[in-house]
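Labels run A, B and C following the written order; every chain starts at residue 1.
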Amino acid sequence: MSQLLEVNSLYVHHGQLCAVDDVSFTLPEGEILAIVGANGAGKSTLLRTIAGLQHQTSGSIVLGGDDIGKLTPNRRVRRGISLVPEGRRLFASMTLEENLLVGASHANDGPFTVKRIYELFEWMPARRKQSVWQLSGGEQQAVAIGRALVANPRILLLDELSLGLAPIVVEKIYALIPEIVAHGVSILVVEQDVAQGVSVADRVLCLLEGKTSLVGTPSELTAQQIDRAYFGTDLASSAPGALST
Amino acid sequence: MTVSDATTELLTLDVRRSNHSAWFTSSGALVLIAFLSVAPWVVPAEFATTLMNFYILVIMATMWNLLAGYAGMVSIGQQAFVGLGAYATLYFALKGVNPFITIPLAAVVCGLLAVPITYLLLRLRGGYFAIATWVVADTALLYIGTIALLGGGTGRLVPGLQNLTPAQTAHYSYLAAWAVALIVVGGTYFLLRSRLGLVLASIRDNEVAARSAGVNVRAARRTIFIIAAAGCGAAGAVLAISQPFIQPSSVFSLQWAAEMLFVSMIGGLGTIEGPIIGAIIFFALQQSLQQDGAWYLIIFGTLAVVVALWQPRGIWGAFRDRFNADLLPVGYNVKKRAGVNGPPSNEQ
Amino acid sequence: MTWLNILIQGALIGGFYALFACGLSLMFGVLKVINLAHGDMAVVAGYVAVFLTPHLHIPEIWSFLIVVPIFGALGYVVQRTLIQKSIDRDPFTTLLVTFGLSVVIENLLLEAYSANGQTVNIGSLGYESWHPGSIFYISYVSLGVLGAAVLVLLILQLFLSRTSTGRLIRAVADDREAAQMSGANYRHIFGIAAAIAFATVALAGIAYGMMTQFAPTSGGVNLLFAFEAVVIGGIGSLWGTLIGGIALGIAQQFGAHFNVEYQILAGNVLFLIVLAIRPQGLFGRKTALS
């Protein structure tokens, strides 16, 4: 089976800091890949680079057989990559509906229309004329997802969905993911909350200081393995004063 | 590496303020200073006048550069202080003070006037700060124009110079301009080598980091704004003495802002040598285009735009990058000491 | 009655200021750029209308039909080349570049057309006015310009709120990166915003030429007023710019009432007061300044 997305030996630098250090992975169609790691591990940088908002230093990003590394972000949307960014980043001066309409402005053909989004999120139609700053955190997150979906992406990139939201709200949002995949969208989800990421994913990739520290399916990986990969050391066995290189 | 490894590395480093090129400056500078001090008696009168105008421009450009290149504040309203300095001189001269004594007074007055202005302007950033400075300059121009004592809109002659011969006036004006230029440029040099200079560099590099390291960014900016105001005030005072008929439209002219800006940009923003080099080019251009009215501004302006887009470090910046030479070094030179872990290497 | 006259004259000139300023406001809101050459574009449009459109056998009063679209196209090109290059460097550079352009343009005009005042010839209409109650003089031109300003602002408002492109412009103004994530080519959007800015300021420049004399340096003084109108009314609000323009106009008329020399000064003072007390302007958002 050919891969929908291939990331090969990706290096991304913030000035002198290497944020993504030789990361490679693949994403087949219809799969959910969770990328977990601590704060600053490079997860968001990785997503932003795939979306085109950040330049890679070297390495390649291949979508459906085409190298998209030189494409501007808006072109990548056309090719089928949509990013739901960290912090939602809705258009604050606009209403809920206007936010969705902007998302639809450069949409590909596909099942997701504004109407379909309103069916997916039943509370939206009643509040579509409201300014988005009046919505709760969870509602804003839903609008952000809707805005990305309405472009009909092949791959949906989700960056830190759970940040700043109550656990019960996070659960409701994650419950939508299988339905999104059922429409033919593959998902790359970045999470600091490991449990949440692992619970929804087909495969898990762990980043530590920009490097891949662990890859596998949730059933293959033990909690201890994930801990080690996440923190870089076994919490129980670390001796004070020594730094791992 | 371990902590002890790092400490050993530190002990092998030499931290100096300058490298070899600064020795050229010190000797060359003394010769130049000596020559320029006796210039009025040595060179033709026209050239001395040109030199005087050159000094005035250097003063203004150095101050603008201090504001924009080091403190990050782009102002298109420094002409406010040029004009206020000029009118301070007029005012004190009318009260009987010797015009040459008014120069430091004018600088102080402008510095004092700058203080309340900073409270209004410093919470603005970028373009808003820039235009607000312009409004302040415009307001100063209009306000002074309403004061009959100072000549209103038509202008007035600065008194106190009439008992001197034209030659004496020219000589003394020249020396005044020369002295102020030396003080301003020299003062800026020492300022930037001081702690304040280091503070400014840190703000310029990364404001947030500077703030978290305890730097009072607002206070540093306020200080620089006041100094720049005083410097431009001194320039205005010298201008008033050299003209000596002054009117609001000339001393408050936006043209000063344009000249300060272009000269600093082309010469090299964020360097001390830059404004001087830019001013030299400016006058060279002006001399060769004497007959053609506004052309030198057109050419110079276009050059400034080109420099801003393609070589933002200016002529001196480019020279310094290539040859690693500093005539007036304000940074730090870090060298590995010879013999420890290999031959010496240069890093800045 | 003089007070009413001050209000009326102030409102009339305020309309002009708003027309002049809406492009400045748009460019700042969307591109985050303050175009210091904005005023000079208006003057150039005036010169084009007076000296170049007659070659096309078009009466000067209709010159705007040709000049405005040309300037719109010019705005798009200038943005995609020069201004974008400046933006890519840093905000500092845009200030320096636009200031440099302003000086170059003014002096080129000075060389080409001298410092003499010019007007856009509209025949006798330029001198006629309405005489309500035999007390007020409301010049037809000023009224026309106010009407044009309101019309332009209305069209702009509708464009921004009802059309897809207008929405994209607002999106880019709100959050450029998020707009990119939704597929917007932000450079193109910047170009459109610049095109609108240049087109409206060209119209304002021609209007100015109909109301009064203009010279190469007229751009500077009007830029100042435009900027003051935007700040007083509030950054990011089109109607705020209209209110700001009118407030500025009234302040200036108020000052002129006491002494002609105080006219511009009074406007500047109002601006400085607003800056001191309520920097975000009457209708602006607090975040607009940083």
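What we mean here is this: contacts are C-beta pairs under 8 Å (C-beta built on N, C-alpha and C of every residue); 3 or more make two chains touch, one makes a residue touch a chain.
The shown structure was predicted, so the numbers you read here are calculated from the model rather than taken from an experiment.
Engineer: If each chain is a node and each touching pair an edge, is that a line, ring, star, complete or other?
Structural biologist: line
Engineer: Is the C-beta contact count larger for B-C or for A-C?
Structural biologist: B-C
Engineer: Looking at C-alpha means, what's the farthest chain from subunit B?
Structural biologist: Farthest from subunit B by mean C-alpha position: A.
Engineer: Measuring from the mean C-alpha position of subunit A to the mean C-alpha position of subunit B, what distance in angstrom results?
Structural biologist: Chain centres of subunit A and subunit B, defined by C-alpha means, are spaced 51 Å apart.
Engineer: Taking the mean of the C-alpha atoms as each chain's centre, how many Å separate subunit B from subunit C?
Structural biologist: Once rounded, the distance between the two centres reads 33 Å.
Engineer: From the C-alpha centre of subunit A to that of subunit C, how far is it in Å?
Structural biologist: So the centre of subunit A lies 43 Å away from the centre of subunit C.
Engineer: Subunit B: which residues touch two or more other chains?
Structural biologist: none
Engineer: Quick check on subunit C: which residues sit in contact with 2+ other chains?
Structural biologist: none
Engineer: In the complex formed with subunit A, which residues of subunit C make contact?
Structural biologist: 164, 167-168, 170-171, 173-175, 177-186
Engineer: Could you please specify the touching residues of subunit B with respect to subunit C in the complex?
Structural biologist: 68, 72, 74, 76, 120, 123-128, 130-132, 134-136, 138-139, 142-143, 145-146, 153, 254, 258, 261-262, 265, 293-295, 297-298, 301-302, 304-305, 308-309, 312
Engineer: If we count contacts the way the header does, which residues on subunit A are in touch with subunit C in the complex?
Structural biologist: 51-53, 72-74, 77-78, 82-83, 85, 89-94, 98, 101-103, 105-107, 147-148, 151
Engineer: Residues of subunit C touching subunit B in their complex?
Structural biologist: Result: residues 28, 33-34, 36, 82, 85-86, 89, 91-97, 99-101, 103-104, 107-108, 110-111, 220, 224, 227-228, 231, 259, 261-262, 264-265, 268-269, 271-272, 275-276, 279, 289-290 of subunit C touch subunit B.
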